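What follows is chain A paired twice: with chain B in the first complex and chain C in the second.
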Partner chain A sequence: MPDLTDKKTAGEIPAQRTETGAAPKQEKARSLGSDAWHDLRRKPIFVISALLILLLIVIAIAPGLFTSVDPRAGDLRLHYLTKPNYSHFFEADWFGYDLQGRSIYARVVYGARASVVVGITVTLGVTILGGITGMLAGYFGGWIDTIISRVTDIFFGIPLLLGALVILNAFTSRTIWSVVFALVALGWTQMTRVMRGSVITVKQADFVTAAKALGAGTTRILWKHILPNAIAPVIVVATIALGGYIATEATLSFLGIGLHHARRRGARRPRPEAPLREEVTTPMTTVIENDQKSDRLDVGTPLLEVKDLHVEFHTRDGIAKAVNGVNYSVAAGETLAVLGESGSGKSVTAQTIMGILDMPPGKVTQGEILYRGQDMLKMSNEDRRKIRGRKIAMIFQDALSALNPVLSVGYQLGEMFRVHQGASKAEAKAKAIELMDRVRIPAAKQRVNDYPHQFSGGMRQRIMIAMALSLQPDLIIADEPTTALDVTVQAQVMDLLAELQAEYNMGLILITHDLGVVADVADKIAVMYAGRIVETAPVHDLYANPAHPYTKGLLRSIPRLDQKGQDLYAIKGLPPNLLKVPAGCAFNPRCDVATDLCRTEIPALHHVTDKDGKELTGRRSACHLWKETLHG
Partner chain B sequence: MAENILEVKDLVKHYPLTQGILFKKQVGAVKAVDGISFELKKGETLGIVGESGCGKSTLAKVLMNLERATSGQVLFKGEDISQLSGAALKAVRRNIQMVFQDPYTSLNPRMTVGDIIGEPFEIHPEVAPKGDRRKAVQDLLDVVGLNPEYINRYPHQFSGGQRQRIGIARGLALKPEIIICDEPVSALDVSVQAQVINLLEQLQGDFGLSYMFIAHDLSIVRHISDRVGVMYLGKMVEIGSDEEIYENATHPYTQALLSAVPVPDPTARESRDRIVLAGDIPSPANPPSGCRFRTRCWKAEDRCAEEIPLLAVPSVLEGPAAHESACHFPEVREQAAA
Partner chain C sequence: MGSYVLRRVLQMIPVFFGTTLLIFLMVYSLPGDPVAALFGEKAADPAVVASIKHKYFLDQPIWKQYLHYMGNLFQGDFGTSFTGRPVADIMADAFPVTIRLALMAFVFEMVLGLALGVVSGLRRGSIADTLVLIMTLVVISIPVFVLAYIAQTVFATNLGWVTPTVQDSYDLSQLILPAIVLGSLSLAFVARLTRTSIGENLRADYIRTAVAKGLPRRTIITRHLLRNSLIPVVTFLGTDLGALMGGAIVTEGIFNVQGIGNVLYRAINQKEGPTVVGIVTVLVIVYLVASLLVDLLYAVLDPRIRYA
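Presenting the complex of A and B:
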């Protein structure tokens, strides 16, 4: 009996499920090495589960240790036993007696062996058989896939119980292995399907291409690259199937076709998990019923002000301070560009303004977000909802995932008018066409019934813009709106956005990492680093004369003509880990001019003056050495 | 001029479009790469630019023999490698390696850094004897600027820029002569991109590598490339030295592409003379007749729909404008702002 290895696999399976289940990102799934094992050993739930499984296995191996009663010996009188016989209560009585007067407890104990053996061997059998066939079908495709898939199709047509009855009937003497054979023969195709799907995903990964490019053979690719990365869903399905096979074996026994000597009550079947599905995201531009014309502000009056905003994320590894006291404002007709790398907090700030931050793990710990002077963070959800979408709309980077793939574009555009303004179908469609015309989608009338995937990336982004504009908001937040687009299309979309902004005198917050896009459209810029604004300036001043070493470094690292053949200037080091932001100025480990002061004290966002001491309007720098940076 | 290390002749890659479940019938083809010729010289960097769908990534795959060419030749030091298989192909792979775009998917998450960089030695045991491999891997880590002690870590313990260095180390392991870089920095943070570009340039000097550098960031391509080729819908539309392409582009698509690139200089905003192209790139399954760019070109005439322009040096032009361009009406555009 390979009890030790069984225990280990059985014990690891639930752990693996939670790992992959809780965090669908690859990031987490891969920490299943030795450190994950170390982690698990300290978790009480894992230790308890492992002990329970161990107990079951011991029962299966040595039922005699747990009861001295023969499960087959019945005494009819015992069935009518009214008072337990305390001398062997835990040996026989406590589960009661069946109609033939046999101890149910003893029968459960002796039945465990069949359940464990059948459950584990069948699961191993289908996993190996299904895993191999699935891997071959998924990896090679073509006719191999066609043949394997057709065979699995046929097997899926056979009802498990009926099939098992027929197969078992063919055996003259039925043993536990004939049951195992029947269940493996009928069950392997399920694993084939799961494995095939998983392999098809993994084989497209770049690391597989890289291995091929190195000249790796098929066996190496399958064994080293595909299998370890494709096995996770198979293990999940196997754990669910394990319970199912035990139940099936019990059912067969109950029907008198399985193992007569081991009849027992059926095991509980774990609830199957919901099938994995692509999450259908609905557009974020929420719509409110009554559409009043909003009073427009003149250029210059702040439409939105963010004051001393702090946002934290509570993660397993600690608290990530994503936003640490951000201040900015945007007026009607103005374009504020928020420039930063990944992890700078630029998108988190925007999501907080929109009220679409995931909370938890996110949490606003401090600060105000004033929309026309009213703090949105203090508003009721209902009031906030009225602003979202209608007054402040958002455009996302990935238009394809922000549009619902199963509804036509015209339906999604018209939905707001139909549901919230009671427009008829025809009216809503007309409105949708009008919006599509306004964002210059050619042949809007013909394309209104098309689905998102039928549009190109640039056209989808136009549809997102149309959706954001449909309720004539005051402010648009565009989070990397053109990053996913090609340069020639990028130009069209940015032009459109700028034009519509001017036409409707809207405020625009443009979140991006692209210094080129910023230079093209922004009025003023806020540069963010590690959750703080490190510099703000009108666009021309920032490019001409940056007042923070980070900004300076970014501008210097752009390849220029006269640097051809030389090294590019590169900011040294890496962006900080938000769980371990360096003390003092977060940029100090990467800064060329950092002093001891920078390593201890967080710089304030200083007002910036010119050489004569005159304050420069709109310019701030969070650097102890802003003077040297700006004038030196 | 240095010798040609790689010569590509009339390379074609079509992906058949089929119908039917059991008996497949070809109903058309996606013409991802449709007759491309160029050469790569020893020690040179050839930049390839173009928008998504222009076939530049397919070109990389065909050159790497990850996809079999439909027709045409890929000559490595004069030998056609496009139809090789088995041991001969494996031997050739030692000479041409690749650096991928996405440092998150290009490293196997279940392998340690040592296993990832050491895998080339397991596949080609003749390159490094078994006892020396660990040392060889640590040397490679050192070469790409990573701590050699990181050998037992997993990819998820590194940032994007560090992972890209691991990918570069793997590419270098077999001491190749050519490295094909497919968008090697576009997935990285802005402040880290320059570091990786510098590393690539430094390695080129140290090891005498030839690069084919595929990217959509035109300023980075200009910085690193000796020559630049512009692709559109499976065709090379223009190719020349960086100066010829960037200052003296004669193909309207190149001109539009260059003018569309956002310039990190707000003072250029008003003076810029941007060509905003109408519409999207057509489907490579059904490309326009004649010149493929004609549907978006402001210069297009009847001739463009009938006659496919050949990639050749136009006889009417002189000086730096006289470089290979596939346009019936090539001319240098007067730029409003330099």
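Presenting the complex of A and C:
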């Protein structure tokens, strides 16, 4: 486990830098650091490991506290006459005696001292030496970098153990410091490389440019701005290397070249485990849940119906209710736009429909998702898989990360035909080219073997669309398909999607937070807030006359050409924390017209009527004051 | 690609000379008189010492020694050890043994390491995963000489399956146990690296896409997950193969394998300059070639990397 003091420094060095002010990134680094430190202290494994390291350091400083026996004093008879007594804690014969009759326990205690001293001093030495050279190479570049980099290359060619053996052989009397010298002399280049890479990254950060623009000197920039931000990876590598140096020293001793008295040190030293990221349970096994056999398909029902869906996330801080009773339906050829801020539950609903929600932490607690009348939540994994891609397909937001970077787009497109239709390799490729033509990718034939990173953002999103369309599914779910694109490209991609949807008569669920995208393509809109639908309406009715204060606020916050010179409206406050959704209407703390009723009672999704009391088809509003909002 | 390889090869030249010079300096300019060491406890005849020194160029300044050595090297002459045996002969005896040992260790660490890593990466938190984590942690924490002694005690002394040390270094079956010990540390790294890499890639967007495409789990794992996850592992394996070829001083020593590591260890202790420098020169070449291959392999595996 990482050394206690090192971790602390990692968090605190950036924190001291905040008085320089002009560095937003430092602010972030600081809060991250202290958060991590806070989290660490609550982890028992960290506390235990830290205590062990501390114990080791205490042993190194004061071995006399743990044994009064001289590790060098041996009585040859002891080895043969005395057996180890494992219940004699902290006594000379606890671990028994070695061949020369020395107490093994005492030797372990004193041996720890050599290990800790070598480990810490070597680590400090290589960090300082490597840190300085790495910083120079990374910051100044040019010939300084060339020289330093070549020198590190040269040192990398010599194995550490081998070099140490050669160097130590030159010392006639070897002390702990000759070992330290040999290891530092050979090991520093490792830190140079790490520091150089880190400095090169930090050097390009905006706050360094800002500091330069403000006229800060080179020394100041290096010391105050670069060092604190670049040191973190070095410290991580140093913590791991510490264990390595201790092991190398032990091996040198074993080979008879290190410290002579330390020869028989055992393996009793905690070592840093490779730092693994905090792990969350993986999605693979969990996209799949029910195993009941499906019934016959029922024709004549809507394509997809979501009924009273509830989804929760079980987190460390409590249960986040992400979706709380969502109802919507889509028919063939129809476009439903689901509108909402991040955290409104729009994407979680879509992922649940697709069956790609990470479970755990996600959990469907209630509700049905009917595809042509059949509850998909009750289907077997295999049945569900066959619907995915073939009947219901999804378009993701960020095509660059949603496409596999190491497979050609032709392969990824063709895979649909190979897996679902058993097409041959050649057929699949021909179909892939056809699809790419269909989404108007120029020179499809030449580009079919290209990789995702070789396409522009707009082209990649077209490939995503082509992939979703490949098997002509009944329904497409598009999760913010244009968010990552430029405005002009956005329009092209949306047009393409709308055109293809009409052509194949597919249902489309368009998830977005952008009201502008919705207006042209959607038939009806469902507005979501805090995991509930707060208003549904045909698209033009909603724009013309919203029946919920939240929708009203959203519409007012769109910039308009006819209102030049005015301040842009923004809904006050922030979306609610899903761990603590406000009582009553979740929107009430941000609502201008909220009453006491709104603060206590959750509004039902009311049917909406016009001024004459005639029901407006397709219109619902979850507001106690829908009448006032709509007509007032 | 071609011009990249050429540039890399050109860059290797100064590194090659630098590294060999460094080891040359370490071997010849550090204190300690190798010729005197030849005579052991006996007093040496100054005339004999002088003639030996002259024969091995040791009476020349260090830079002349280096140039002389390099000149011979490019004519294929690795020099002669102080015992009179050509260094090339010594290496010809030892390298085949080390290569066999290294390849066996490599196959062992690769096959088992990948298998363990994949299983534990896919089933995080399962019993299998926990076992893999604990086992690899133990292996990583224990210095190799301890592991070697444990293996010796268990398999030779207690079970009697093998002889404690290798009797015939050319017999592959006798090399199995040393190879396992030698490969075990890297195996632990491979398993952990694979596990972490798989865990990270499992959460990648393109895996979500693959699920949404309705691909069977098997296809998702083999086609989409493994290829991406293996990139860092392959890099590690490539570098490690280079390192294994350098011989294993400790493992070869304990099991009495007559490979490069053993020869090198003895040569260092006896201040056998020509042998040390000769072997290290070859090792530097192996290292340089291995790291070039790793870089090229990286580009093959990850199409985002194109060397121009």
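FYI, the second predicted complex is superposed on the first by the 441 of 632 C-alpha atoms of A that agree within 3 Å, B and C clash if a C-alpha of one lies under 4 Å from a C-alpha of the other, contacts with A are read in each partner's own complex, and residues count from 1 in each chain.
What we mean here is this: a residue touches a chain if its C-beta (ideal position, glycine included) is under 8 Å from a C-beta of that chain, and two chains touch if they have at least 3 such contacts.
The model shown is predicted, which means the values in this text are computed figures rather than measured ones.
In the overlay built on the shared chain, the residue A:354 is in contact with chain C alone; chain B does not reach it. In the superposition on chain A, A:220 contacts chain B only, with no contact to chain C. In the superposed model, A:255 makes contact with chain C only, not with chain B. With both structures placed on the common chain, the touch criterion links A:490 to chain B but leaves chain C unconnected. Contacts of A:211 after superposition: chain B is touched, whereas chain C is not reached. Contacts of A:407 after superposition: chain C is touched, whereas chain B is not reached. Legend: residue contacts after superposition of the two complexes on their common chain; A:574 is shown touching chain B, with no touch to chain C. Within the superposed three-chain model, A:592 lies out of touch with both chain B and chain C [touch as defined at top].
Chain A contributes residues 26-27, 29-31, 33, 146, 205-207, 209-217, 220, 224-225, 228-229, 341-342, 442, 456-459, 486-492, 494-495, 513-520, 522, 539-540, 543-544, 550, 553-555, 557-559, 561, 563-564, 567-572, 574-575, 590 to its touches with chain B in the complex.
By the touch rule above, chain C contacts chain A in their complex via residues 14-15, 18-19, 22-23, 26-27, 30-32, 122-125, 137, 140-146, 189, 192, 196, 199-200, 202-217, 219-221, 223-224, 227-228, 231, 243, 246, 249-250, 253, 264-265, 268-269, 271, 276, 280, 283-284, 287-288, 301-304.
On chain A, the positions that touch chain C within their shared complex are 150-151, 153-159, 161-163, 165-167, 169-170, 172, 247, 250-251, 254-255, 266-267, 269-271, 273-274, 276-277, 279-285, 287, 354-356, 385-390, 393-394, 396, 398, 401-408, 415-416, 419-420, 451, 453, 467.
Considering their complex, residues 22, 51-52, 61, 64, 66, 89-90, 93-94, 97-98, 100-102, 104-111, 119-120, 122-124, 154-156, 159, 161-162, 167, 170, 174, 189-195, 197-198, 201-202, 216, 218-220, 222-224, 242, 256-257, 260-269, 274, 276-277, 279-281 of chain B touch chain A.
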